[in-house]
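Below, subunit A partners subunit B and then partners subunit C, in two separate complexes.
Moving on, here comes the complex of A and B:
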C-alpha cells in the first residue's frame, strides 16, 4: 500500500471520501493503481474524469487508463466544462 | 463604421468639435483624434501598453464565436478597448432566460438576433470600431475564411462539438485561440497558440470522445462567473494583440466560485494529439 493525496474540485467534491478536509483527502492505494482505478474506487463517474492533473501537471486523455500513481503524488480532478 | 487605420497612432491636439463617430477615418494613418486620445487615455497612460499598444488594437480583427454569457462581456470589453474590427458569430436570438447573464442584450432586444442586438450595443459604446455580425452557423469553408482573416479567435461557445471544430481550424491556420468555459459556479480559461511549437491545443486537453455534458439550462450558471471568465478572455486577447506580457499558454486557470478558489495548472502539448501532434 502507499499513500497519495486526492483533490476533487468544484462539483466533483461530492465524491470525496469521509474524512476529507475541504477538497483534499489522503488515500491508501495499492501499488500500480491507475488514475481511472483510483477515481473509480472513490466513485467518481468515468464520464466526469476528463481533466486530470498529477502534481499540478495535466495528464493526457489516453493516460487516464494507463498512468499508475506513485507514492506521495497528488491527483487532482476538475469537472469538464463547455458552457458559455 | 470602419476599421482602424494602419500604422502607429499619434495624438493630434487642438482638433475641435470632432464628431465622435468615424473619427479614425478623418485622420491619416498614425494619428489619433482628440476624442480618441481622450477615450483611450487610460490605455495610453499604461506604461507597458501606451500609444503603440492602442494603435495595434485599432489595426486588429477579432472573431468572437458565441454572443451569449461569455461573449457578452468579451465583446463589450474588446469594443470599449478599441479593437478595430470585431466579427460576431451567433445564429441565436435573445430570450428572456438569457438576460440574467448575457449583459450585452436588454429586455428591448427580446427575439432579436443576438449579433444584431450586440452590434447596436457595441456601436453605441464605441462608434470608432467596425462590427460585422454573422447570424448563422458557419460552415467549414466560412469558418476557415473567418478564422484566417482574424488576428485572434475567442471561443465563447457552449458545447464541445463547436469547441473541437474551432480548435481544429485554429491549429490549421495557426491562429491564437482564447478559450473559456463556465457552468454552475465553476469556470476555466486558457490560451492555445499554434504559432508556438510548445503550445498545446484544445484536443490535447480534452478527448473528442467526450459526450456533451450538462448545459447551463439544465444545471444553471451563476451570472457574474461569466464576467470573470469572459474578462480574463478579453484581457488575454488584448495582450496577444499587443504582444503585451505573458499569454496564458500552457497553463489553465480554474475558478471554483463556490469556495472562491482560483488555481493555475500546467498544460502540455500531446505529441500524439491527432490535431496538433
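Moving on, here comes the complex of A and C:
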C-alpha cells in the first residue's frame, strides 16, 4: 500500500471519501494502480472525468488507463469546466 | 439586416441628440460592436488625443445579433481611447442594457464633447434627451440606478452608470450596467466621467425584427442553443460553478499569480474557489453562492449571485450589503484574493461589491492593491503613507478599507486609483508593476501558460485575457489540447484566438459560447441575420481587419514594438513552484514569429501589403 493525495473538484467533490476537506483527501492505494483504477475505487463515473492532473501536470485521455500513481503524488480531477 | 441602421450622436457640449444612418459600407467590413465602433472612433478622433479631454469620444455599441434570439445575444461594448493605457479601449459587458439599446432602435450611441454640467442620457425608443444629473453626481452606481428608476417610474428601465470613482478620476473606472455587469477595463468609465456624463437610461420596446432570413436564423439559433445545452462545459460546468471553478484548476497547475506575481500557487486558493462558494459557511450555515444568473438571451447562465455572512466584519454594521449581489467571478476573486494573498471569501466578495458600487475594474483595483502591498512589505511605503492601513499581503481588513477609500477617492485610495504603473513609478519601483501598456494583468501566470504571455504582450488594450483566451486550449483542451509550458506553436494559436475573438466581440454574442461553438456554429447565425454574405472566411478576415485597425491606432498613438513586452518578473524571475518551476515567459522566442504571421515588419508594424489586403 502507499498513500497519495486525491483532489476531486466541482461536481466530483461528492465522490471524495468521508473526512475530505476543501476537496482534498489522503488515500491509500495498492502499488501500480492507474488513474482509472483510483477513480474507480472511489466511484467516480468515467464519463465525468475530463481534466486530470498529476502534480499539476496535464494527463491525456490515453494516460488514464495506463499511468500508475506513485507514492506521494497528487491526483486532481475535474468534470468538463471552463471559465474566463 | 439585424442592424437597426441608426446611430444616436450625442453632443454633450451643446446638449443635442441627433439620429444619423449607420455607415453600412463600414458594417460590411467591421460587422458591429467592437469592430464597427473602433472604425468610427479611429475615423473621428486623433490617435494622439488626450483621453480625458473633450476631444476624445466614447461609443456604446451593440452588435447585429444583440437583442435577437441568438443565445447570449445581449452584449454591448464601450469603445474609447483609454486613460489607463493611452491605447484603444474596448470593454464588453452583458446584462440587459445592450439588448435594450437595440430594442429602442439604435445600433450605437456616440458621445462627443463635454457637458458643462453633469447630465444623463434618457432614451425611450426614438426619443432621446440629455437631462440634468445634479441629483446623481456624487452617488454610487447602485444609488444612481435606484434614483433613475424612481424618477422615471419605470422598473424596466435599463441603466449604465459610473460611480464616484470615475467622477474622482480613478483611471480604472468602469461603466457598470444592471447593477453588477461591467464594461470593466482600461478606464472607459473615467472617460465617461470626464465628459460629465453620469448615466445612460434606456427603455426600448421596438424589438429587433429586421432579420435577413428569419426562418434560417431561427433554425441556426435553435441548433446553436442545442450545442450549448449538450456541451458539458456550457450546459453544466459554467451554470453550476461559474468561471470561479478555475481557481483550483489554475492553482493546481502552478499558474495562479500570487502576492503580486511573486509566487505561482496560493495556499488559500481553495478557500476562495468556486467550490468554496457553494459550501455552507461555518459561521451561519449558509453558502456564499445564492444562485447563478443569466444575461439577456443567454442559455449558459454562468453569472454568480452571492451573499455575505451578516456577522462578517466587512458588513456587520452595513445592512445595505446583507442582500444578494453580483459576483464573484474568477478574475475578480483572483485579483482581490490570490494576488493580494487574502483568503477570506466574504472579504473578497465585499471588495467586489464595492468595485461594482463605486464603479471600479476589480482586476486593476485588486492588482494595484497587490503592488501596493509589495511596496509596503518592502518598506517603500509605511502606515504614514497609507493613513494607518497595514497594507500587508493577506490582510483582509486592509483590502476592505482600501477598497472603500479608492471608491470614494479618499486617503491612500487616491494613489491606488492611479493604477499599478503610476503607483510604482511614483515610489520608484516600476519593477513591481505587473502591467502591459499600463494595464494590470489578469489571473493567469505567463510563466506557466506560455500562450498567455504573448497574449498579454500583444493585446491592443494592454494586459488582458479576453483578447485571445488560449487558456481554453492550453489548460482546458478546447478546441484541442496544447502544452501550456511550450512556446512553440503559440504565435499561431494566439493570432487565431485574437481574430476569432474580434469577430465574436463584434457580433453581439458572448465569447463564452466558444467553449462549445466553433465558427461553424456562429457563422450561420450571423449570415442568416445579416446581409453581406458572411462566410467563415469573410468573418475571419473581418477579425484580422479589426485587429490591425486597433494596432494601427495604437502605433499612431505612439506605441511601438518596445511596448509589446512583459514585466521583468515574468521574463527573468523563474516560477517558484509547480510544473512551471524554473521557467520564465519565452516571449522573445514567440514575438518575431507572431509579427511574421500577422504580416507585420520586425518592428511590429503592418506592412503596406497587409494593410492593402485588409482594405486599411
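To be clear about the criterion, the second predicted complex is superposed on the first by the 80 of 84 C-alpha atoms of A that agree within 3 Å, B and C clash if a C-alpha of one lies under 4 Å from a C-alpha of the other, contacts with A are read in each partner's own complex, and residues count from 1 in each chain.
We take it that a residue touches a chain if its C-beta (ideal position, glycine included) is under 8 Å from a C-beta of that chain, and two chains touch if they have at least 3 such contacts.
Quantities reported herein were computed from a predicted structural model and do not represent experimental measurements.
Student: With both complexes overlaid on chain A, does A:3 touch subunit B (first), subunit C (second), both or neither?
Tutor: Neither partner.
Student: Contact-wise, after the overlay, does A:50 reach subunit B, subunit C, both or neither (first, second, both, neither)?
Tutor: So A:50 meets both subunit B and subunit C here.
Student: Once the shared chain is lined up, is A:22 touching subunit B (first), subunit C (second), both, or neither of them?
Tutor: Both partners.
Student: Touch test for A:62: subunit B only (first), subunit C only (second), both, or neither?
Tutor: Once the two structures are laid over each other on A, A:62 reaches subunit B alone.
Student: Name the contact category of A:11: first (subunit B only), second (subunit C only), both, or neither.
Tutor: Both: A:11 reaches subunit B and subunit C.
Student: Using the superposition described at the top, list the residues of subunit A that contact subunit B and also contact subunit C.
Tutor: In subunit A, residues 9-11, 22-23, 50-51, 53, 56-58, 60, 76, 78-84 are touched by subunit B and also by subunit C.
Student: Quick check: in the complex, which residue numbers of subunit C touch subunit A?
Tutor: Counting only subunit C, the residues touching subunit A are 231-234, 236-238, 240-246, 248-249, 252-254, 270-271, 274-276, 330-331, 465-466, 469, 471-472, 475-478, 481, 483-484, 511-512, 515, 578-579.
Student: Mind pulling up the subunit A residues that touch subunit B in the complex?
Tutor: 9-11, 22-23, 47, 50-51, 53, 56-58, 60-62, 76, 78-84
Student: Given the complex with subunit A, which residues does subunit B contribute to the contact?
Tutor: Spelled out, the residues of subunit B in touch with subunit A are 66, 68-71, 155-160, 163, 180-188, 200, 204-207, 209-213, 215-216, 221, 226, 252, 254, 256, 258-259, 261, 263, 265-268, 270, 272.
Student: With touch defined as at the start, can you tell me which subunit A residues reach subunit C in the complex?
Tutor: Residues of subunit A touching subunit C: 7, 9-11, 13, 22-24, 50-51, 53, 55-58, 60, 76, 78-84.
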